[in-house]
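Let me begin by presenting the structure, written as structure tokens, before commenting on it.
The chains carry the letters A, B, C and D, assigned in the order they are written, with residues numbered from 1 in each.
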Amino acid sequence: MSQHTQSPFPAYEWPEGKTSAFCFSVDVDAESPYQWSLPADAPVTLGQIEQRLFGPRVGIWRILDLLDRYEIKATLFVPGLVARNHPDLLPAFVARGHEVGLHGYFHEIAAETPADEFARALDESLAIFKSQAGIVPAGFRSPAWEMTPAMLAEVKRRGLYDSSLMGFDLPYTIDGVTQVPVLWAVDDAIYFKFTGAQTDRWPPAPQGGILEAWLDEWQVLEREGRLMMLTIHDWISGRAGRIRMLERLLDAVTASSDTWIATVGEVAAHHVSSVNRDRFSVPMRLPQASGPHRFRAAR
Amino acid sequence: MSQHTQSPFPAYEWPEGKTSAFCFSVDVDAESPYQWSLPADAPVTLGQIEQRLFGPRVGIWRILDLLDRYEIKATLFVPGLVARNHPDLLPAFVARGHEVGLHGYFHEIAAETPADEFARALDESLAIFKSQAGIVPAGFRSPAWEMTPAMLAEVKRRGLYDSSLMGFDLPYTIDGVTQVPVLWAVDDAIYFKFTGAQTDRWPPAPQGGILEAWLDEWQVLEREGRLMMLTIHDWISGRAGRIRMLERLLDAVTASSDTWIATVGEVAAHHVSSVNRDRFSVPMRLPQASGPHRFRAAR
Amino acid sequence: MSQHTQSPFPAYEWPEGKTSAFCFSVDVDAESPYQWSLPADAPVTLGQIEQRLFGPRVGIWRILDLLDRYEIKATLFVPGLVARNHPDLLPAFVARGHEVGLHGYFHEIAAETPADEFARALDESLAIFKSQAGIVPAGFRSPAWEMTPAMLAEVKRRGLYDSSLMGFDLPYTIDGVTQVPVLWAVDDAIYFKFTGAQTDRWPPAPQGGILEAWLDEWQVLEREGRLMMLTIHDWISGRAGRIRMLERLLDAVTASSDTWIATVGEVAAHHVSSVNRDRFSVPMRLPQASGPHRFRAAR
Amino acid sequence: MSQHTQSPFPAYEWPEGKTSAFCFSVDVDAESPYQWSLPADAPVTLGQIEQRLFGPRVGIWRILDLLDRYEIKATLFVPGLVARNHPDLLPAFVARGHEVGLHGYFHEIAAETPADEFARALDESLAIFKSQAGIVPAGFRSPAWEMTPAMLAEVKRRGLYDSSLMGFDLPYTIDGVTQVPVLWAVDDAIYFKFTGAQTDRWPPAPQGGILEAWLDEWQVLEREGRLMMLTIHDWISGRAGRIRMLERLLDAVTASSDTWIATVGEVAAHHVSSVNRDRFSVPMRLPQASGPHRFRAAR
């Protein structure tokens, strides 16, 4: 075959003789996205806040127990507000051996947050992580998985890895920042988030079909030497039925000793210290509007 | 493990040597939510009202027969309007041994109803329950499962239990009120409600996948000693296919003698008279808007 | 048990020793609903009209062949416009032994059509049925399954049966008109209608789960002695995958000789000439708005 | 049976003793539809562009490898912008033996594009195909599968085939242009397209049910001698789980030697040179608005 018929990227090199990788990540959002989206003059109601407080009260502990049963170290991304409101969380996560990462302060939405507010949110969160658990997080995940060039610059300035984009199903370097990519297909919220509010866009999906899809995703990622980044949420997957689903997924993932089950931070550290760092490096590419009647203008 | 690694809540204590609990609840809405949502100047049409009257005509009787076959006593929450329009319902429910509970008068939506109207709706409903069936209900369930602090205060003032929130998958005490929680995952309406109106947000889900999800939910709730609160509606689950689904669910739930199958009122009475009442007690926590540009303001 | 614990309605009596009934109905809409909904100044595009013309070109013939294979006589409800645009349809339906019924002229939507227009649409359609196929239809089905009191009066005046409402899962009499009810759960359009337009509300559902739900629906309707009214559309279920689904459904329905497989007109004729006519008779009940702040006003 | 009871169209004649046909088509959209829909003043974000660049970076190469494993020659429809931004694509497609076809320049949406812009987009795309890969494409597929009479005239003037409409499940001739029809049921985007934007209309469907539906579609198309036009997208079906789904589909399609697996161009060339060309020929039929209160006006 000529050079044209090859993918522009070679195989990814994993450590310790492993041939694929798996990360278990938790976005510990609890009440923060709800409070961010709440209009200041909204009527005071109790339904959604109680549903979300189920996370810190019950769900997250059930997830921690699940991780213990499978002997998996996870990465838990925690907004500053959630740490402040529930000060037992960060110390418990660290005590049980997991990585903790930044996830905004108020679960700020990228398009609604000026760059200086984003920087301040990062620094305030860093201070809370330090004071509550005595640690300095190595990584950041954007609330709602959206990034701007300004955010990426702030992340870069602080030497953090990022875990918010989806340009590969492998770790990559974008504009000099280590990116450990997420993946909508194996996120729980898009399938199961439901609170009964008018903002719900669909009812919770039955787990059976989604589990089958996740297993298919894993089967091909594993055989092709890729990274599967599972992401769940405390108040969503801490519910009973989803725990059963996660057990079935982890039964499959932990069946092979060829897979590197690692925290997001461990994957990022491997990337930056290996040949992958330069082999899987792309510039930041900005989208350009080309819509109605741009044809002539663009030429 | 250090104290930090433990859930802040201990195990729940069930009565009679049982290790988990199951409630079968019915929100007997019939035409009431439709009439509440109908604009006063809407064209007079027959489609949706006939679909909903299927409940009092056929569906609810089919559900009562199902309950008899499985020897289960249910709790039926009935809006005052539905009792008034269908005066054979409350007496039949009581005669067959079920609990009846309050569910608003017009199926009022919390955010659209002033506190004094809510109080009046409660009292008018209590009067109808008394006159039609000679009983005083012990509990309340909010239409659409939304509560306000004012509503919770009215419920507390009348010594009622509440069954509208989701802060645990166990009974709990919130601001002094006994809460027997509901659970979206095992509600029929979010999956199956469909009338052909523009307000429908999705078509009815096929029952097979939902049943499988409900069985998973039950499997983990049962093994962890929790409460499963099933909720169905007369005009939705009184249809043939959903009866078949409920049979399969009840086959599983009734298979173990370790599960306490009880009315919501029995569960509430147990809670308030046991150690659980104080162990599972939380204050009412009000959501606080933290959205766009609240970062500086909030600090 | 006391009288209160009984359903207010007795068992339905089927003819010929049968214990349940099944109707196969087709709403032969083709291009008519699209043209009705099209703004007069919409850009002229070809995508949706071609998708719908697939019905008269291919889909309906495939459905007729399916009916022949299972030896089932169906009822095909045909808008006047569709008969006029495709004059080979009505004669073919009659020649192959099926019943044909009225379905509006332009597939008029009830809430958008004054009573006198509705009456005129009925009469114009009757004229086309007479001239093209030499027959006088016995029944009417409302486009989009919505009725108004005025429409019901026009149907009554002409001595037609109606097949548009859902107040029972048995034939019934409403305001003196014979009603052979439809059922959203076993309609193809709500699951499978999709044209790629912005007005689509969800993608086509995979057939497997829907078939399983339809079989459950049938299982309970059959054992309880009810009527299953299947409804499909030429351009939707004339597609290959849905034909396979219908084969599997008909395999189940035709397996028992206890089921009366009949046209909608045969079921209506049986109803009106049997004891069921009076036993299953209800008045027309009009919905009354009771929404925000009607509590005091209504008392 | 009388002539009325027959479908107006005879059986389609396939070449080489084959009895049915299958095309594997890819709409290589990458970032183009996003950029077309992007408002000029939208905030600059990185989430969606990275998700779409996954196509040219990873997804399309994975699809090419899949095609090699099954020894299938596909047709890849490529917008001019995508070819310009990713100049390695067209040469690689041609080198690996696949057909390439036109797909607009900016992925223009039909209803938003004047006829002269559409013509210019065609010609500019033709120029890019010539300069990058030295070829003149034989066919066109409309972005978003919508056509106007003006577009069809431009396609006709250049002697191209079209693959954008759905009036048959066989190749046909419309207004003199060869049409190799597409089919929503076996398009990946309507089920799986999801980017996390507010414009998403539903979450990705689990593949299992969709695969089962595709296999049913294929089973009936194959036995009835029809054409199955599979369509996938680089950034959607280049993801791991969908590759697994496609493998299972191709296992079924390639199991029979009676099926003609061909490029869209080969199917179009056969159509135009066979008896089918005139047997399956229809005029262009324009939709006519008949909506509210057109009844009297139309007569």
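Everything that follows uses one rule, which is that contacts are C-beta pairs under 8 Å (C-beta built on N, C-alpha and C of every residue); 3 or more make two chains touch, one makes a residue touch a chain.
Every value quoted in this text rests on a predicted model; they were computed, and no experiment measured them.
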{"item": "Topological distance between subunit A and subunit C, in contact steps", "value": "2"}
{"item": "Subunit D against subunit A, contact positions shared by both copies (same if over half, else different)", "value": "different"}
{"item": "Longest centre-to-centre distance from subunit A, chain (CA-based)", "value": "C"}
{"item": "Geometric centre distance via CA averages, subunit D-subunit C, whole Å", "value": "34"}
{"item": "Chain centre separation (subunit B, subunit D; CA means) in Å", "value": "48"}
{"item": "Sites on subunit A at which at least two other chains make contact", "value": "202, 205, 209"}
{"item": "Pairwise touch network: line, ring, star, complete, or other", "value": "ring"}
{"item": "Chain pairs that touch, as defined at the top of this document", "value": "A-B, A-D, B-C, C-D"}
{"item": "Contact footprint of subunit D on subunit C as seen in their complex", "value": "31-32, 34-40, 42-51, 53-54, 57-58, 61-62, 64, 81, 88, 91-92, 95-96, 105-106, 108-109, 112-114, 117, 120-121, 124, 194-196, 202-209, 239-241, 243-245"}
{"item": "For the subunit D and subunit C complex, residues of the former touching the latter", "value": "1-2, 4-9, 110-111, 144-149, 152, 164-169, 174, 183-185, 190-191, 201-202, 205, 209-210, 212-214, 216-221, 224, 226, 282, 284-296, 298-299"}
